Amino acid sequence: MSIEAIPVEPPTLKHAGHAAASTLMRRHRLRWWEASPWLAAVAFYFAFPDYLGFGTALLITILFALSLDLALGYAGIITLGHAAFFGAGAYTVGLLAFHGIWTEPITSLVLAALAAAAIGFASGLVLLRTQGLTLLMLTLCTMALLQEAANMAHDYTGGFDGLPSLDIAPVFGVFEFNPLYPDTQYLYTLAVLLVCFVFIRTLVYSPFGQSLTGIRENLLRMHAIGSPVRRRLVICYTISAAIAGIAGGLWAQTNAYVNLSALDLDRAATVLIILILGGYGRLYGAFLGAIAYLALEHFLARIYPSAWQLGLGLLLIFVALYARNGILGLGEDVWRRYRAGRASQ
Amino acid sequence: MTEIRLETCALSRRFGALLALQQIDFKLAVGARHALIGPNGAGKTTFINLLGGALPPSRGRVLLKGEDITKRTQAERVKLGIARTFQINRLFRGLSVLENVCISVAERVGAAPAMFYPIGRRTDVIEESMQLLEMLKLTTIAEHRVSELPYGRQRLVEIAIAIGSKPDVLLLDEPAAGVPSAESHIILDALERLPEHIAILIIEHDMDLVFRFAKRVTVMVGGAVFAEGTPREIESNSQVRAVYLGQAGHG
Amino acid sequence: MIAGIDVISILLGGLAAGTVLFIVSVGLSVTMGLMGFVNLAHGAFASFGGYIIVLAMNRAHFDFVVALALGFVGTAALSVVFEQSLYRRLYRATELDQVLLTIGLIFVFMAALTIAFGPQSQPLQLPPELSGQINLGFTQYRTYSVFLIVVGFLIVLGIWLGFEQTHIGAQIRATVDNRRMAESLGINVDRLFTITFAFGSGMAALGGGLGAEFLGLDPQYALKYLVYFLIAVSVGGLGSVVGVYYASLLLGTLDFALKLYLPKGGTIFIYALTILLLLWRPQGLFGRKMT
Amino acid sequence: MSKRLMAIAALSISGGLVLAQAALAQEVKVGVVLPYTGIGAEFAQQMDRGMELYLKLNADQVKPYTITFIKRDSKAPSGAEAKVAVQELLTQDKVDALAGWVYSPDAIASAPLVTAGKKLAVIMNAGTAFITNLTPDFVRTSFTMWHAGYALGVAAAKQLHAKTAVVAYSDFPPGKDSLEAFKAGFEANGGKVIDAIPAGGAGAVPDFTPFFQRAKDEKPDVLFVFVPAGDHAVAVAKTYTALGMRAAGIKLIGPGDITQDIKLQDMGDAAIGLITMHHYNADLDNPQNKRFVAAWKKEYGADSTPDFTAIGSYDGMAAIVHAVQATKGKMDGDAAVKSLLGWKFDSPQGPIMIDPETRDIVMNEYLAEVVKGPDGKLHQKVIGQIDHVRDECKAQAIGPCAPKK
């Protein structure tokens, strides 16, 4: 794709010391707090062995939301059809396992990613010419078509009833998936999430990532500086699709089950909500959004089933009104105010 | 006679029934400081869109260094050295001034497609961007978010981004538009600091700015070239005064 | 043998289906076109209005027409409250914030309706003169479908006249065309939007009530049919009333005919049609090219 | 070898649990998995009531034990949410039995967990036939599409003397099952299905007009319709009448899903004359049902009514209570399941039994016609009855019902 060689630094770096320059040069460096989500995830494993099923679902949602963030948050591709890729990945894993063709989990995930990427690339080529509501509807309808196709291929996909009792080979041939106490599933998912996250993080801080941000911030200007906008968008969309596919693959593996809901509008809408809720275009928004949404759904639903809908609705309204850029955005504002307050003293 | 950088032959563009540009023959010399003036709706911006490749012409040709680029896309023309600014800011408002320029520079030096190392390692890109900001006296605000800058400064960023692609031809669409006259001098200072070799075509309504900056002026009226000459010739041209300067007046 | 089905009944069936779609979606199109506000909660207003209408008939035994009027007014009133208190703050926010707000509203509506009236659906008991069959001379057909088609036509005619003939209509058209220009001409766009928003929501209420015969009416309504409303709006072209009308009728009829001849195709058609139409005319059939 | 070791280990563990629980009070925890939110919410409500009402009406049966419910929302039928719910019920709440499952996908996805959990799991609605093959711990007190579908196929040919039929079904597995079942029963008795029309999805109520118009044009003797219980039925009846199909001499028949008691009055006079085959309707004339319905209306309001989803959970609760008594409250999975094989019960729907081979229900099917009663309300009048109907899909080991090798 592109030459990744980093040219030797120019002789004079007289501006390296300048605040702006040094911020930009240090921006990608890891900060201490970036370890916390992962530490928390490991802590969760030991603290709540009874909640690993929920935990696994949470991790998968985070990954799915991250994939969307790449397309929507960074490149500004507004899509309501991202479940198409989640489903593509899920069915790739599911079909391979159910028909006894391939059950090795990690390679299955790779295949899931490829399948999803293929669909992402194809649809991206056609759809990414459009924008706004049109793009939204086109992505949505593409997903709906896939779902209906999966329903029609009932004999292979099991349709609404899905593909039952998938047996997935042990990870590295050693670690069995345990249905009752899904510890293997949890750690496995966590590992995959970490790998994908590192990849995405590298991507968004790269020159490519920056040009995506440029496209999001001002399309016409990107054209005017001679950027091959469409190609960039398609590449980004394809990568995003691949990661969504991995999330779907994980979902199929950890549930040992796939059905049409993998391709559902509910799923696409939910992940969109989660991302906006957490804050898009900000990597960690996906984490916060997923945790907030799922925790609320999971525990409010226990207290009083239709309460979670109400509570969730109110939360969304609140965030939309008072926390532009989602929970993370709110946090950033508070932090900035606090810093400013300190400075003024 | 100085060497011609950009040239148009019988360039025309129509929108439906309206003939926005008719038979424009125009020459832009190397290192030119050329102003394009005329009443609203004279077709000035359309002309720039045709030169930059944002719009295809209905008829006629555009030549860069004698080579026909009429069929070239906007992106290709940028690579060939034609950059432009917009009448209304088109900036990456959420990003810092430095990043705004970096995006442009990275695109030019071919760094933009790179995925697997952070932009921060491209110190060459950052360095060049900083130098560019320095030239435009913007280093002090390099860290600021564009959206937080006063409008005048934003107009400078607009120019900086264009310079980022190291053009030989720079098309400026009303760089001082919307800038309070108290500030408009900073635009002029900036323009005067641009490298000599760049051929600059500027659309501007602020006549002081035009006559102080431009070495040559073309007056466009109703989609056609009405007059061309040195600022003094144009200023003294009675017809021009009649159709344009008079009504435009100046502060 | 299927070929034996007379074209007329297909046309009537399709038009009826399209009309329902139109009545609910038209308000959405106008408000989205006017303010560029992505109001996903439009369907929630439709269900709210539907509940008023159906309950007014079933519990308070109001006359059908009276109930419809109640639904329109009640929903319009409610929508103004929301518009003033919530929507207004997000006019200049990003589409995504608007999506978040309006999806939140949908959830609140769904929960509220469930808590208030239970999860079950509310049946619409048609007045006897509208149920059964009617003889159109050339064919027998479902009375209610015919009634809907007529109503739909009257509505689009009314709105069209309103747009063309009245001052406010002119203002709306101007604003849809070019908001900045309209504002500079001293049109009070915010007030204008409040009015259109109320009207659009009222129309949605009518759609909820009139459509209940086909779509049913339950707390899930707003989410269940959201996609169809969006399809109608996007294919019709934002802000174009006539566009939504034609788009709805076109989609309704084609979908109807295809379902009838190729039932195995399931829901494929409606989506495939939308994709094709949008690729052909990204702005929608009657949408203006936006820059 | 290692398998056996594991088995032994597992046994000793569960043994340990049993002892631990025996020591505890006589409380039996039942984990309930139902879609309390979303499109299934109405089912959940009916089934909750069915279970509660059984305990109210049969307190003496339950003594000395106390049954406590732990309810979890299975939400949308994706399988995933139900699975998390089941997993937490088993591992966190340590329930003694599981119950519920409105949607087949949820039951299917839960199967491996149920196997691992080694607890009795009573399916009270999910209808896909092969589910009970997925784990030995599933017992189903609700129907599959084959019970009514096959029986109606037979009745349509024999009792209604229909020669030709058109089938319109919601395009999801229960619909396809119904089609298969009806076809099998109908054509085995000389009938002919001349067209099968997938009539929209199960989620949102479609406009049935195009599908029924197609059917009308084909002029069959009967139109067999399967739609999921819920709002579809109302639209079906209305469209049928509005298109004047009765006048055209086409009988509308189907499983009881199209005359679900809670929807019947909503359907209005359009429903009069509908003929359905089902194992329960609220008008069944037997003492148990009279008592059940009376208690229901007293408990949940005069205009509320039980229906077959409620009866599935009522019988399911009876099954669980039987297992509790049989295992002295220990509720060890295998023992609990064993105690239900061949279990007989006098249900409001008539005598039922759990088939020892398939762990599916064996029950009577009633052919009923909708009539207007003197009270001006719609009622279902039994006009025929088939006793001891089994799930023919498994009985004849058709397609996916054939146990996997």
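Order as written gives the chain letters A, B, C and D; numbering starts at 1 within each chain.
Keep in mind that, in the parts below, a residue touches a chain if its C-beta (ideal position, glycine included) is under 8 Å from a C-beta of that chain, and two chains touch if they have at least 3 such contacts.
Worth saying up front: this structure is predicted, and the values here are computed from it rather than measured.
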Neighbouring chains common to chain B and chain D, by label: A
Relative to chain D, chain with the most remote C-alpha centre: B
By count of C-beta pairs in contact, the leading pair of chains: A-B
Nearest-to-centre chain - CA centroid comparison: A
Whole-Å separation of chain centres (CA-atom averages), chain A against chain B: 41
Centroid spacing, where centroids are CA-atom means, of chain C and chain D in whole angstrom: 37
Centre distance in Å when chain A and chain C are each reduced to the mean of their C-alpha atoms: 33
Shared interface positions of chain B, touching two or more other chains: none
Two or more partner chains touched - positions in chain D: 37, 41, 44, 171
Where chain C touches two or more other chains at once, by residue number: 114, 264, 266-267
Arrangement of touching chains [line / ring / star / complete / other]: other
Chains grouped in pairs wherever the two touch, ordered by label: A-B, A-C, A-D, C-D
Partner chain D, residues of chain A touching it in the complex: 49-51, 53-54, 57, 151, 154, 159-162, 164-165, 178-182, 251, 255-257, 259, 261-262, 264, 266-267, 298, 301-302, 305-306, 308-309
Residue ranges of chain D in contact with chain C within the complex: 37-39, 41-42, 44-45, 171, 197-201, 203-205, 207, 209-211, 213-214, 217-218, 230-231, 234-235, 238, 241-244, 262, 266-268, 270
Partner chain A, residues of chain C touching it in the complex: 32, 38, 86, 89-90, 93-101, 103-112, 114-115, 227, 230-231, 233-234, 238, 264, 266-268, 271-272, 274-275, 278-279, 282-284, 290
Chain D - residues contacting chain A, complex: 36-37, 41, 44, 71-73, 75-80, 83-84, 87-88, 90-92, 104-105, 108-109, 111-113, 115-117, 128, 134, 171-173, 176, 202
Residues of chain C touching chain D in the complex: 1-2, 4-5, 9-10, 13, 16-17, 114, 118-121, 123, 125, 131-133, 140, 142-145, 213-216, 218-220, 224-225, 256-257, 259-261, 263-264, 266-267
